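First chain A sits with chain B, and in the next complex the same chain sits with chain C.
For the complex of A and B:
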């Protein structure tokens, strides 16, 4: 597809990131697989604790104790990041992959000016003089739409508004022209009109730089507007994955369906909202079999066995026992034990 | 705890009466639903809550001793509206627009700078401390952050029952059964009465906060961002609970939120605030269908639609919210308004009726067009 590497830009294969806490092992990310192509935007959706942020931190290799990536591969441009030394990773971070976080105030250093912080990132990755790096910083601030960038570059983070700070973060992340931008809830802390500005900046830069974005968010509206492909996560697992129109138009997994029905909409009036009953299970006490079964309206006995990860349509994957048409599986709604396990293996996509 | 179809003492049944519940009717709202309905029926029904030109400024002090006044943050700057019994008035706006301050002044958690708030025709700011205590039974609040608004050292029973105790239900047994009933009504397990807040999830905590607000059988509840801290699947549970409780107890809500979709779902009428001013107020559906203020329109257009096949007109506002300590002259929105003219810089537009009770504070309200949107073909990708 591009000069550097044939195949997807980022390939995540079966990664497991577990946290070894005093109370037990929390499987924050449990066997997650997906790819992002060059210039593609992947939306990662899910509620608090579903593992979406840990997935992104795993890609950046920023998991700290008691967490550990215990299995899997993370290939960026074909190279496995899990084999890299810490020094190599420092070069990759910011150069090939950049990340922006939800709360820009806590990710900027309060004692340095915005210009200094961007220039530092530039100097870290390219052999330029301080002055050139500063010029680049001012230029980047201009690109992300900050008025009077020269003056702003000399200001400290506390002198800027929330939207401006997020622009500074984006400017910093993009100053080294990365192939992949990981944006973890980039607009959640912002007001809607400011969110619209930031999303516009991201869309703009994505097209100009042909940059891929991994967009982590709980806001389905943001995903619908930005993403090409969507991954829905629940309790550490990918439960559904498809292109954006399929996920919103004909979702297969009951969790995705429930999420879409439970949000109040501006464009239609609903007397009552559909509800996903119950709450997300505790990561220390996950149910046997399907993790969503206790909240699922289609629960069957077979759900006590871990469901298959089926391809229910072209490029559309779902971790559920229901057939693509939404009916009970061939093995029977009451199947259990080895029979059910075998059926799950048969139905699971061969790609893995 | 009374059941549905309760017969209540007719105390305070007359509007404009003193409205102070008598001892012994702790758990009654004071009026039967039939009476309330009768009040609601005619368009001439007196509003339950009237806010008249309310102003709240926070002084900025400084100087050598920190006592000289340097200016003021004009958080709420002359807001008027009324809320009819049984309706939900939604209040939307971005951070810093003054919506939370407004709610706090109505609750008398903050003293007003000027203006009046009448509850059932009686000024809330002129009450003696005794009368205020009585009024607080009628006016309750649900806060945004269910982690910060529950005392971690009190059990659920103590949290929900505290108001009952303060207002005279000193019998422990009686109080406990009242609390159990409340927990049941908000969808919590009654057996959890002795647990502490940290043992609950965010959604459950918000239910505890709602049970606490309901304990004194209030008539009016200020909901300040009650679902914004919750996950999507939990939000809908709490929103449904709020609307069920409204039907069950004939509650009137002032629903403050920044999420326009959430506000639209629950509200009868919606007010939009910008920099301390109410810029638009109208029937909820009408507001979303044909906004009459460019700020409302921009706000609506900024909300991402959770449907990839819909492409909607998008108005991206320039710049940030100006500081409420130094608001722009004339119309406060003119610095960011795509429709601004010369007059907007000098003359402040009044909030006026642009037809059918739809209020807008814009010189050019009639020229605001509905938001365009189109559905792209389902399979173009």
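For the complex of A and C:
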């Protein structure tokens, strides 16, 4: 491999992934920027439909028509993946960057054995014999905690439970020692005890392999347990980003605050969970200005203008008009038009 | 597996009994009677009475059925299926004689169908909405919509009139006295038009089916997994997707098999192909009851066998199916 790149493992800069549908352009991912350091775990959270999966598929360059990455850079070890040929990209997929998916029940091919499917990934990226690849597959099944891995390797996916299948997926993804594992809601489809086991396996392997993880989830509990840093997405945009302690301790964006209030907690007795009012706006009918304004309890006049992405604390960014202290901004809550736009630009420049 | 095949085969017996019952009932309900063909103005009533007694038609219906069915299961017996009312030959021997021509025509058409329809269906799915897909869709819709008698006639017309007898339009071998009559080449030459006519219709249906299944499979999560592994497009399509897409095609195979046994009635008639289909049609128009009943039973047997074979094949290719 090339000499180790200094700087983050993955840098996503201003990517826009749009779907050109018959009803109009769906801006599924719209100007998303974040980095993941070597060995770091980044949690990507947000309600269903906010663009988490499309962001991860963009990194894999697995976006299909009518979708297209229309702008931005995705740098892995400093090299822009969007400049790679399809053949180069295939060498990266499943080798340097692996992905596991939400649906363990359907993500494995029903007609091939689990062992075959793992061995196939190994053989695709390393010059080993079939036998060696198969040995590696069995070894990986053992590593992810599947009892009797030799027998399981010879079984077809339908003979395994959902949790076991997700372990097989992890074994497959990690069989090539990737630098980055993208896990798109890896535990969402599993029941709670199995969820905990899968997270345990991932944590364990992260330490062993010094691998970075992009962990996509809508479950803040999972984030609290796993992530170093957090990116909160809303309607295709990053609305808040900080280390995990800051996000849980002093969230800035009203959307993040709303998400936190909706987590059930054992130490407090609430009559019922607060849920963020309203629904995610239709991607074909996004509001002017702040995309969250229809649901926001702090909404001001100025929110009709797109809010700045400002640094509200050290390494803590938020896409909101509220001041770092959470108050109405100096420009005046009533600012409109050019005045507001200008203020937004000023504040954003500071953040980038 | 073996026990499953045996169990499944035994289960076919009641189904075949049902087929026999329905076939028998239809013949009973159809207007006319087997002795109508002897009813001419100068036949004496006593002669007709004798015939009725000879054929057992004076018995109650259920006795007639039992008589017929017990005779019918004795397929090893030349006499069991009765004798043709038209030429007096053993019905069983007539059917056995006709079988090879039908199997040859139907089998070749099926082979041609698979050779063309599977790649065509894959192409249409992989390049969905491309001009190739649209052309294939157009062809398939026309091929599917055209009634087979019209398509057969048109192909006969093309081969014999437009191309001035390039291909023969009837029969299985050349006329007596022609050089090379009955050689494999002669038979193959006679097969061109009927096979084309049968295959076009089947390719139309099969290619649509393969396309639909392929599209369905290409959207599955495991195809995305295969791509995420870094496999080439060819491996994703032909290894991961195709294997899954072809499993349900077995159903079509099972549906096509009965046609192989009982013959393509319309196509065989148009091209005077001396197979079972033509035999059946001729027998119906001549009210040759024993032949009609045997023909219907062979068709029903084909349907049951087609289903049985499809079920067994599913078990062979789909690891999810357990016995």
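In this section, the second predicted complex is superposed on the first by the 344 of 352 C-alpha atoms of A that agree within 3 Å, B and C clash if a C-alpha of one lies under 4 Å from a C-alpha of the other, contacts with A are read in each partner's own complex, and residues count from 1 in each chain.
Going forward, contacts are C-beta pairs under 8 Å (C-beta built on N, C-alpha and C of every residue); 3 or more make two chains touch, one makes a residue touch a chain.
Keep in mind that this is a model prediction, so the values were computed, not measured.
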item: Combined model on chain A: chain C and chain B, fit or clash; value: fit
item: First (chain B), second (chain C), both or neither touched by A:138; value: neither
item: Contacts of A:91 with chain B and chain C, given as first, second, both or neither; value: second
item: Which superposed partner A:340 touches (first chain B, second chain C, both, neither); value: neither
item: Chain B versus chain C as contact partner of A:47, first or second or both or neither; value: first
item: First, second, both or neither for A:110, with chain B first and chain C second; value: second
item: Contacts of A:248 with chain B and chain C, given as first, second, both or neither; value: first
item: Superposed model, angle subtended at chain A by chain C and chain B (C-alpha, nearest 10 degrees); value: 70
item: First (chain B), second (chain C), both or neither touched by A:195; value: first
item: Greater chain A contact set [chain C / chain B]; value: B
item: Overlay on chain A, chain C to chain B nearest C-alpha distance, Å; value: 5
item: Partner chain A, residues of chain B touching it in the complex; value: 94-95, 201, 203-204, 231-237, 239-240, 243, 258-262, 264-265, 285, 288, 298-310, 314, 316-317, 319-321, 373, 378-379, 381
item: Chain A-touching residues of chain C, taken from the complex the two chains share; value: 220-222, 224-232, 240, 243-244, 247, 317-320
item: Sites on chain A touched by chain B in the complex; value: 47-48, 147, 161, 163-164, 191-197, 199-200, 218-225, 243-245, 248-249, 258-260, 262-267, 269-270, 272-277, 279-280
item: Residues of chain A touching chain C in the complex; value: 60, 62, 90-95, 98-99, 101, 103, 106-112, 120-121, 124-125, 156, 158, 169, 172
